[in-house]
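Two complexes come next, and they have one chain in common, chain A, joined by chain B in the first and chain C in the second.
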Partner chain A sequence: MPHRTFFWFILPSLVAMTLFIFVPIVSVVFQSLYVEHEQVVVVSENCGPFGCTEETTIDQDATRALREAEPLGRFAGLSVYTDRAHLAADEVGAIWAASTGLGDFVSRLMNLPFYRALIFTLSYVAIVTPLTIVLGLAIALGVNGLPKVFKGPTIFVSLLPMIVTPVVGALVLYWMMEQNGILGSALQAITGDPTLSLRASAPLTWITLYIYGVWSSAPFAFIVYYAGLQTVPQEPLEAAMVDGASRWERIRYVVIPHLAPLTVFIALIQLMDNFRVFEPIVSFNAGAVAPSLSYNIYNDLRGEITLFNSAAATSVLTILGVVILLTPVLLRTWRDFTTKGGH
Partner chain B sequence: MSADVTSQRRSTGLVVVSSVLVLLWVVVASFPFLWTLWGSFKVESDFFSRTDWTNALNGTRTTIETGGPFTTNGYSGAWIDQDFWRNAMNTAIVVTSTVVISLTLGTLGGYALARSGFRYAFWLLMIALVFRAMPHITLVSGYLLPFFEWNLWGHLPTTIIVLVAINQPFTLWMLHSFFLQIPKDLDESAMVDGCNRFEAFWRVIVPVMWPGVITTGLFSFLLAYNDFTVTALLLSRENQTMVPRIVSFLGSTFEAGNVMFAVAAVVSITAPLFVLILFFQRQIVSGLTAGAVKG
Partner chain C sequence: MTITKTALLAGAATLLAGAAWADAHGCDLGEGNVRILGNEFGAIQAVVDRAMECTTSGDMSANLTTEHKELQVAALTADPAQYTVAIVANSSIVPLLNDDLIRPLDDLIAEYGQDLLPTQQISVGGQVMAIGFMANAQHLFYREDILEQAGLEVPTTWEEVIAAGQAIRDQGIMDHPYISNTMTGWNLGQEFNNMYLGLGGSFFEPGTAQVAINNETGVKALETLKALAELSNPDFLTYDSNATGAIWEAGDAALAMMWGSRGGGILDDEGSTEEVTSNTVLAAAPTVDGGSIPATTLWWDGFTIARNISDEDAAASFQAMVHGIQPEVMEGNEEAAVWLIEGYQPTPAAAGVAASAQGGAIPYPMLPYAGLLHTALGNELSDFMQGRESAEQALADVEAAYTTAAREQGFVN
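Right after this comes the complex of A and B.
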C-alpha cells in the first residue's frame, strides 16, 4: 500500500491515539514537575500603645485567585518525586538506618504511601498471574474431558466472572465475604472468632483481593488454553501412548509444550492488566490497607482538593513501571523482527 | 481411532477428579451472581444479617418490614426514587457512540495496517501495544487539568472521545489480525478492475468483514460499558453513567448510601451482559483466542 493511502486510512485513529494517549502522557510528565502554589501570606504591622507587633495572616482570596490563575502551580523540578508521598528519599534513608533487619525495613516502608501501593501492586501481579495460569489450565483440561453436552454451558458460566463489570464483580464477591455476608459469617463460625472481618484484618483483605483477581481472570486463561487444546497434534500423542506414557506424562511432555506460546500470551496480557489493578480496591473499600499505584492516583484526583501534581508524579512512576514490565517483551519482539529481516 | 480410544481408556479416578474440579469451578463462577440476585429481593438487615445468616434465606426481617418474603424496594428505590434510569440512558448514549466511532476508525486503520508491507506498520502496532498497557487512570490524570481549564470536563462527548481513543490500540490489533485473514487478492483484483484503494475497501472488503467487526464491537462494547475509571472522573454528577453511580450508592465518608439500591443496580447492570453472553458466546470465545492462537 502506498505511503499516502496508508496515511489517510490510519489518520483518524492516529489522531485519536496521539491526542488522548500520547499527549496525556506528556501532560503528566509536565504536571509532575510543578507544585501547587503556597498560600499567600500577608505580613501586617499592628501598632498600639505598647509598640508594634508583626502579624502574619493567610490571604485566602489572594491564594484562591493565584491558584485559579495558575492551576498548574509553580515549577518545582523533581521535588514532588522525592517528597513523602512518592519516593520519600529522606524517609527511606532514615528507615534504612533505623531498621533492624530486612523484614523490619519492609514493614516500616509500608507506612509510606507510595511504597505501600508499590508493594501491594507487585504482590498482586506476582501472586495472581501464576495462579490464573494454573487454574485456567486445570479448568481447560477438565472441560476438555467433559461430554460434549456439558461443554457449552460450562463455558457460558465461566465467562461470567470475566465479562462482568470489574466494579460489579468485585462488589458481588465483597458482599459475600463481608463481615455480615454469607462467607464472612461462615468464616467467623469456622474459626470461632466473631471479630474476624475484612474491615479489621489487612492480610485478609489482601487475600480476598487476590481471590477476586484469580476469579475474574482465570476464565480468560481457560478459554485461550481450551482453544489451544483443540489444536494439539494427535500424532505425538499417539506415539507417546505407544511408548507407554501415562496420561500425566502425555500432558507434561506433549500438551504443555504445545501450549507454551499461549502461556506467554496469557502472561503478557495478565501482567499488563494486573499491574493496573484498581476497581476491586474501590469495591472492597480497601484503599486504606491495600492501595495500588492506580488507586493512589485516583485518591489524589477525587479528593476535596485535587492534587494534580501529586497524581501526575505517581502516574509517571507507574508508567515507568509499565515500561520496565514490557521491556523484555519488546526486546524479544525486536530480536524476532530483526532476525526475520523485517519487510 | 486415536482420540476416541484415548478418552475411553482414561481411568475413572481421573474422570472423577477432573469432573469435581470443573463442578467446583462452575459453582464458584456462578454462585456469587445467583446469591446477589436472590439477595436483591431482600431488605438490608436480611442480606447482610448481623444476627443469623439464614435470615437471608428465610427473609425473616423482609417479612416483618414489608409483609412478604420478597420485596422489590431495592429496584424501585434505585430506578425510580434515585433516577437510576437517567444513568442507564447516559450509559446507552456513551456505549453506542463509543462502539460506532471506535469501529469506524478501527476498521480503516486496521485495514491499512494489514495491507501495508512497510516497517512502520509493525512499529505502529508495537506502539499500540505499549499504549494498551497504560493504566487508564494515568491518562485520566493527564486529561483532568486541561479539561477543567478548557471547560471540556463533565460532558458526555468528552468521555466518548476519550473512551474511543483508549479503545483504539486494542481495536487496531484485533481488526488488523482479522483483515490479515481476508485474502489480499480480493481487494487487489478490484483495484486491477479500476477501483481506487478506498473503493476497493468499501465495495469488496466491507461486505465480508462483518464477523470480525462484530467480534471486535463486542469487546469495544464491554470496555465502554464496564469502564469505571474514565466515567467516574470525567463526568459531572448529572451525566454519570451506571458504574460510577453504583459506587456512589455505596456512600462515602461524606454521605450515607443505601446498599440495597446498589445491590439492585448491580443485578440490573449485569442482566444485559448475561444476555450478551447468551447470544454471542461463540464470538466472545473466538475474539479471546484470535490474538493468541493465530498470532
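Right after this comes the complex of A and C.
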C-alpha cells in the first residue's frame, strides 16, 4: 500500500486516538505532578438543629485568589508518586530496615495501599492468564472434536460467561457464595465449620476472584483458538497419524505450534485486561482484602473529597505497569517480525 | 436508573396533579427551573414528590440516587449547574461548601421562607446555607422477645450489649445476635466515629487539621467494635444498611445498631413477620465505658441551592422545596423520618433518634477535612477488624493515610 493511501486510511483513527487516548494521558500525567492549593481556613460559628459549634471552614475569597493565580494547583514534582499512597519511598525503607526476613518484609509491605494492590494485581495476572489460555484451548479442542449437531449448542453455552454482563456474572457468583447461598453453605457442610465464610477469608476471596477471572475470560480464548483450529492444515496431521502419533502427540507437535501466534495474541490481550482487573472486586465487595490498582483509582475518586492527583499518579503507575508487563511479549513479536523480514 | 426515576416521579406528579391542583395554588413558580439531586430513601422521596407538585413553565425534574455524593460536586461546578437543588446531610454539604458551590439563603428566606423554624436553618459563619427537614442517627434496635427469652434487661451501655449478645449466643438462641453497618469504607469509618465520640475523643488537634486518633481512646473504640464484630456474622465487612435491614427483617438478629431512618421500614407490615415487627424496639444508642453521652453521631438532612444558576431558578427551586417540606408532607409519612418540621409528633419509629439526641449525642462534625479522615478510617480499619493487625498499627495506618491525603489537598503541610 502506498504510504499516502495508508496515511489517509488511518487518519480518522489516528485523530480519535489522539483526542481520546493520548490527550487524556498527557492531562493525567500533568495532574499527577500537582497538588491542591494550601487551604485557607477560618473559624466560624456553625448552627443547626442540634445547636451551635465553633468549626473551621474554608475562606472562599482567599482560596479563590490562590486558584486564580495558579489554576493547576501547587507544583509538587514527583512527591505524589513517592508518598505513602503510592510508591511510599520512606515507608518501604523503614520496613526494609525493620523486617526480619523476606516473608516479614512482604507481609509488612501488604500494609501499604499501593503494594497491597500491586501484589494482588500481579498474582491475578500470573494465575488467571495461563489458566485462561489452557482452559480456552481445552474447550476449543473439545468442541472441535464434537459431532456437528452438538457443536452449535455447545459453542453457545461455552460463550455464555462472555455474553453475561461482567457485573451481573460476578454478582451471581457472589450471592451463591453467601453463607446461606448454595456454594457458601456447601463449603460449610464439607469442612464442618459453620463459621467459615468465603467472603470474610482473604485467601478464599483471592481464589474466588481467580476462578471468576478464568471463568469470564476463557470464552474469549476459546473462540480465538476455535477459529484457529479451523485453519490447521490436514496434511501434517495425516502424516503424523501415518507415523503413528497419538492424539496428544498430534496436538502437542502440530496443532499447538500452529496456534502459537494466536497464543501470543491472547496472552497480550489477557495481560492487559487482567492487569486492569476491576469489576469483580466491586461486585464481590472485596476492596478490603483484594484491591487492585484500578480499584485504588476508583476509591480515590469516590470519597466525599475527590483525590484527583492521587488517582492520576496511580493511573500513570498502572500504565507503566502495563508497559513493563507487555515488553517481553512485544519484544518477541518484534524479533519474529524482523527475522521473517516483515510482510 | 436516573431516567426511570425522573420518569416515575414525573408520572407520580402527573397522577397526583388532580389532587395536587388545589394544593399547588400556593406554589406556582412562573418560569424558573427546578432540578433536584438527592439521596434515595422514603422521607426524601416524600419531600421531593411534594415539591414536584409545584407548577412551572420551566424544567421540573428530580434525580434521587444513593450515588448522589459522587455526582454533586461535578454537577454543581458546571455553570449553569446541572441541578438547582442538592439535598445533603451534614457530611455531604462539606464538599459543596469547600468549593463554594451553594448560595447563602438569607434573602430567599426573607422573601419566601418566613414560616421556617430557626432550628431548621443551618448556618455557617452567620449565613444560612441549608434548610434542614429531618434528623437521623444510628441507634440501638433490640428484640424484646429474645431479650426476655434469655432473661436479660434492655442494655443501655455497649458493655451490656456485648454481655447480652454473649448470653444469647451461649444459650443457643442465636449464633450471631448482633449486626451493624460495618461494610468496609464509609460505613466502617462511621462505626468508629460513633464509638470514638461516645468515648469523648476528638479527631483533630484543636484548631488544626492535624489528626489525633492514635491514643488510648482510639484503641478502646476499636476494641469495643471488635468485641461487637465477634458477635456478628463473619461476613460483617460486607454489611451496609440494606443488608442489615434485610437480616433484621428476616429475624436473624436480636441487637443492632442501625439508622433511625430505617426504623419506619422495619416497623411497617412489609418484608417481615408479625413476630419480628411487634417485638422490635428502637432505643437510644448505648453509652460506652461509663460515659454519659450515647455513642453515636447526630445528622440532619436538608436542601441547598446551587450557586451557579440564575436568581430566577434559585427562587423557583427554593419555593418548590419550601413547599415540599410544609407540614402537610408528614401526612401519611409520620413514620418515615424524625421530621424537623413544625407540628411533628414523634412516633415509635422516631424513638431511637429522639432519645439519642436528648442524651446529648454529638452532631457529625462539619469540618472541611472530616471527609478525608472518614475515608482513611473506612479503608484502613478492616485489617484490624479481621484480626490481622493490632489496634495501634491500624490507627497509625489511618493517621498516615489521612495525612497523605490532607497534604495533597493542602490542609496540612
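Everything below uses one rule, namely that the second predicted complex is superposed on the first by the 276 of 343 C-alpha atoms of A that agree within 3 Å, B and C clash if a C-alpha of one lies under 4 Å from a C-alpha of the other, contacts with A are read in each partner's own complex, and residues count from 1 in each chain.
By our rule, a contact is a pair of C-beta atoms (placed from the backbone, for glycine too) under 8 Å apart; a residue touches a chain by one contact, two chains touch by 3 or more.
Given the structure is predicted, the values throughout are model-derived calculations rather than measurements.
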| item | value |
| --- | --- |
| First (chain B), second (chain C), both or neither touched by A:Leu331 | neither |
| Partner chain(s) touched by A:Thr57 [first = chain B, second = chain C, both, neither] | second |
| Which of chain B and chain C A:Asp83 touches, first, second, both or neither | second |
| Chain B versus chain C as contact partner of A:Phe20, first or second or both or neither | first |
| Partner chain in contact with A:Ala65 - chain B first, chain C second, else both or neither | neither |
| Contacts of A:Ala126 with chain B and chain C, given as first, second, both or neither | neither |
| Partner chain in contact with A:Ala260 - chain B first, chain C second, else both or neither | neither |
| Chain B versus chain C as contact partner of A:Val134, first or second or both or neither | neither |
| Partner chain in contact with A:Ala98 - chain B first, chain C second, else both or neither | neither |
| Per-residue touch tally on chain A - higher for chain B or for chain C | B |
| Residues of chain A that lie at the interface with chain B and also at the interface with chain C | 178, 285, 302, 306 |
| Residues on chain A engaged by chain C in the complex (per definition of touch) | 35-39, 41-51, 53, 55-58, 60, 63-64, 74, 76, 80, 83-85, 91, 111, 113, 178-179, 194-197, 199-200, 202, 285, 287-289, 299, 302-307, 309-310 |
| Chain A-facing residues of chain C, complex | 69-70, 73, 90-92, 94-95, 97-98, 100, 119-126, 132, 135, 175, 183-185, 207, 209, 233-238, 298, 300, 340, 357, 363, 365-369, 371-372, 374-375, 379, 382-383, 386, 388-389, 393, 397, 400-401, 404-405, 407-411, 413 |
| Contacting residues of chain A [partner chain B, same complex] | 1, 3, 5-6, 9-10, 12-14, 16-17, 19-28, 31, 71-72, 135, 138-139, 141-143, 145-146, 152, 154-161, 163-168, 171-173, 175-176, 178, 180-182, 185-186, 215, 218-220, 223-224, 227-228, 231, 234, 237-238, 241, 247, 261-262, 265-266, 272, 275-276, 278-279, 282-283, 285, 293-294, 297-298, 300-302, 306, 308, 311-312, 314-316, 318-319, 322-323, 325-326, 330, 333, 337, 342-343 |
| Touching residues (chain side chain B, partner chain A) in the complex | 2-3, 6-7, 10-11, 14-15, 18-19, 21-22, 25-26, 28-30, 32-33, 35-36, 39, 47-50, 53, 56, 104-106, 108-109, 111-113, 115-119, 121-122, 124, 126, 128-146, 148-149, 161-162, 164-166, 168-169, 172, 197-198, 201, 222, 225-226, 228-229, 232-233, 243, 246-247, 250, 262-263, 266, 269-270, 273-274, 276-278, 281, 284-285, 288-289, 291-293, 295 |
